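Heads up, the next two complexes both have chain A, just with different partners, chain B and then chain C.
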Partner chain A sequence: MKFRAKIVDPACLNHFTRVSCMVAKLARACTLRIRPQKLNFILADTAAGGGVSMWCELPQENFFSEFQMEGVSEESNEIYVELTSENLFRALKTAQNARSLKVKLTNKHFPCLTVSVELSSASNSSRMVTHDIPVKVIPRKLWKNLQEPTVPDSDVSIYLPVLKTMKSVVEKMKNISNHLIIEANLNGDLNLKIESELVCVTTHFKDLGNPPLAPKASTQDRDPEQMVEVHVDIRKFLQFLAGQQVNPTKAVCNVVSHRMVHFDLLHEDVALQYFIPALS
Partner chain B sequence: MKCLVAGGNVKVLGKAVHSLSRIGDELYLEPLEDGLSLRTVNSSRSAYACFLFSPLFFQLYQAATPGQDPPRCKILMKSFLSVFRSPVMLEKTVEKCCISINERSSRLVVQLHCKYGVRKTHNLSFQDCESLQAVFDPASCPHVLRAPAKVLGEAVLPFPPALAEVTLGIGRGRRVILRSYQDEEADSTVKAMVTEMSIGEEDFQQLQAQEGVAITFCLKEFRGLLSFAESANLSLSIHFDTPGSTPHLDDFASDDIDSYMIAMETTVGSESSRTLPSTSLSPGLQPLCHSEEEEEDEAEAELSTVPGTPPAQEVPLPVLWLHPGPRTLPAAPQPRAG
Partner chain C sequence: MPLVPQRAPEQSDCGLVASLDNVRNLSTVLKAIHFRDHATCFATKNGIKVTVENAKCVQANAFIQAGIFQEFKVQEEPVTFRINLTVLLDCLSIFGSNPVPGNLTALRMCYQGYGYPLMLFLEEGGVVTVCKISTQEPEETLDFDFCSTNVVNKIILQSEGLREAFSELDMTSEVLQITMSPDKPYFRLSTFGNAGSSHLDYPKDSDLMESFHCNQTQVNRYKISLLKPSTKALVLSCKVSVRTDNRGFLSLQYMIRNEDGQVCFVEYYCCPDEEPPESES
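Coming up: the complex of A and B.
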């Protein structure tokens, strides 16, 4: 198993750092999946994680000037490792003024993802920072839990409003209740609602637009005004919003009535899918 | 005792106090003939820091009321720091700072003379104490590094702020290596990230150490001294020792001491460094180091032409003494390709 990659372009480095920042905010520990053309950051749903799951994909050639990998075997030319997301972000953060950054899989008493940074310095002297991030190699028998999730058969699909606006609204709502109701319809309306004994607060977003419907019997004869709702833990929703530092290129919300909400985002060339299950 | 600090030196004093507050919870203030010393030691007695402000730093310096012994005060660091809490405020509004002792009320009086006729007076209670003294001799340390504080500041930047300890060593090719140190007893199921910073010899003004030597010390306390040095734009000399390299003539049963490190500053622009005055240990005082005689060689600081006016470049001599404590040092850092 081998992996070796290099970034020399400062814009690419910046972009990769931002991706890693987002992943660090969304999942404390995640799986890095390395394939010849793509890199994935994956969080599988677990009872411990509260059923939340994440799938992030990026095309490696948009980031790395050099990229070589050799998977577990020829038929399974992939590598799956688990790491603490914060470590990767911290390592990349120190490379902000780097001439180059190299990432490779190493074994130093234990398997590591080694990030080596060649810093640029005014005095022409060479400075190197190396970070050894401990990783856990995931055996092939567990790979099936880490595959790309299927887009759920949703009842309503709607474009999201500006994430920053939603975040500031939801942050205030958190002080009132942990139980958030997300409801949406096929007429571009999205409501965020919380209820407590004393008060009920709803924020209405209108004219958001809906992505074109796939022809499906279940939604064909639905009244576009009819709201479909899902109840989620507000903290999980906030955590998702906290990870989005920049407004994405595309942001779609898919609601499966009373089951789950699925977010499908695109940040330039990085695709992110995030699932929050309904409160039981 | 009465000391008057004026102008830009008030900010320097404030920064020194901030630096000391990163190390210990109590401040030992003692006016000596050589100057006002502010010292502290951390709770585990593994780090000692001292700032010595020469008389030239002050507009007025009177160590003791004639006929009396100079006082030795121990003050709560929090209290003293609160006077100098905001460096910005010190720079913008404080014109003079007067430190004196009110014998009648047994208070240390710190008075800030500010703009627009505002005067802030702080009356701090203190305890009489013995002189806090770490007796050490940098000249006995075989290894020396010297670099501008900026270089060392950049060197510790990649390490997480919460990191407790770091190992400093000389790697192959005379590169100076700093590596995060993880306690081996820590929970082994959750391994921590290891960060290593490698700097070329050319960034150092002096590098007198063999490849393979290394010392592990507390980063938090070191950062305290570093922030002062960076703000004053000074160079930092690091003198250190490794186990077995220096024969100790120990009176004290301090078998804790494997090695120690001293970070000292030199005065701006001059090659000479001033050492602390040697003081014999008072009985009952906890020994912090072995009792070697100190070499005394007071170097002359730059004198200004008008007596009593502190020269613009006069800076205190800070010393940070770190004692890593009883553990074996990790293996010498792995060399990295430059």
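Coming up: the complex of A and C.
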């Protein structure tokens, strides 16, 4: 099992740091999956995490100038390691304005992801900063829990509004209730709603547009105005919104009535999927 | 409770209708008196008065005159109700407390009458938020009977002069002692805390002093925990008037200029704590 990769381009370095920041905000611990073409940050759905799951995928050649890997075996050329996302983000934060960044899987008494940063200084000599991030190698028998989640057929698929507006609305709503109702229809309407004894607040977003849905019998003959709703934990939704520092190139919300809400985001070449289950 | 309408009620059956192009002109003034959860609102054709009280010793009033609103109608005055101010402020700032300049939130507010909720319709950039806030039975508010004819001492200061003093008050002191006098030390704030006493004097000819009318020496003590919340108003204001009457009651009036240059007033009344000991200078 081998992995070593290098980033030299400052823009790529910046982008990679931003991705790690987003991952750190969405999941405390995550799985890094390394394949010859792609990297994934995965948060599997567990009872302890309240059923939230995340799938983030980036093509390696858009980030790394050098990339070598050797999986556990020839036929399963993959590596799965578990790490604390905050550790990776903190290591990458020191790489701002760095000349280069190397990431390597090492074994220093225990398995580590070693991040070496070459920083330029006023004099011509450069400085090296090395972070050893402890990782846990995940055995092959557990890989099956870490596969790309299948998106269930959604009842409504809708483009999301500017995430910053949504974030400030949800932040205020969180002060009043823990329980958020997300409603959407096939007419481009999305409502965020909270209800408590003291106050009911509904924010209406209009004309958002709906991406074409996979043809499904039940949606064909449905009234486009009819709302489909899902109740979620407001903190989990806010956590997702807080993780989005820049507005994504594409953001779609898929609502499965009373079961879950699925967010499908694209930041340039980084794809993020985030699932929040419905509250029972 | 009567049936709650789903849509905005017609103007004709509303006890109070008000609309505002910039919601911050309202929310800023309300933040200045937000030191308790509940507030009582009184609306007349002149505007809205919002009152917050604590411990039957301190009362804060915010006045939002009708002219601040683009539309303001009161059917049968006075319209009175009690509301959760924390919730109201959360709703008013739903689109963010620090919006991007040039991106204003507009507000339309309706209150149908006794037993009905307060309806807020907020709009920013085509996004609409509807809030339905339950109202409660109005409570009798205190009458401090603070009459301008009984005022003994009065000074008007630029707020920046008091801002630092109030934000750094020694909170280990139980009281804030205010001395106002036609002679030295003119205007003095004193605290008596664990680390010793501190006195802060403002000379009468200071640049910060806009007007100075003191007729007799008065030394009064006020519970610091009751006065501290007024810092919220102080921070937002440009001028403050400090007055005491013959009973030692304190009135602090803050002049707050909103983003459109209009002026609103917030007022705090506080009753004195006790007679200061004779020996204190």
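Basically, the second predicted complex is superposed on the first by the 280 of 280 C-alpha atoms of A that agree within 3 Å, B and C clash if a C-alpha of one lies under 4 Å from a C-alpha of the other, contacts with A are read in each partner's own complex, and residues count from 1 in each chain.
Keep this in mind: contacts are C-beta pairs under 8 Å (C-beta built on N, C-alpha and C of every residue); 3 or more make two chains touch, one makes a residue touch a chain.
Since this is a predicted model, take the numbers as computed values, not measurements.
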Superposition on chain A - do chain B and chain C clash or fit: fit
Touched partner set for A:Ile176, first chain B, second chain C, both or neither: second
Touching partner for A:Ala44 - first (chain B), second (chain C), both, neither: neither
Touching partner for A:Val199 - first (chain B), second (chain C), both, neither: second
Contacts of A:His131 with chain B and chain C, given as first, second, both or neither: first
First (chain B), second (chain C), both or neither touched by A:Thr94: first
Partner chain in contact with A:Phe110 - chain B first, chain C second, else both or neither: first
Contacts of A:Val72 with chain B and chain C, given as first, second, both or neither: neither
Least Cα gap, in Å, left between chain B and chain C after the two complexes are fitted on chain A: 6
Chain B and chain C footprints on chain A, overlapping residues: none
Complex contacts: residues of chain C adjacent to chain A: 84, 86-87, 90-91, 93-96, 124-134
Residues on chain B engaged by chain A in the complex (per definition of touch): 154, 157-158, 160, 191-200, 202-203, 336, 338
Complex interface listing, chain A residues touching chain C: 161, 165, 168-169, 172-173, 175-176, 197-207
Chain B contact footprint on chain A (complex, rising order): 84, 87, 90-91, 94, 110, 121, 123, 125-134
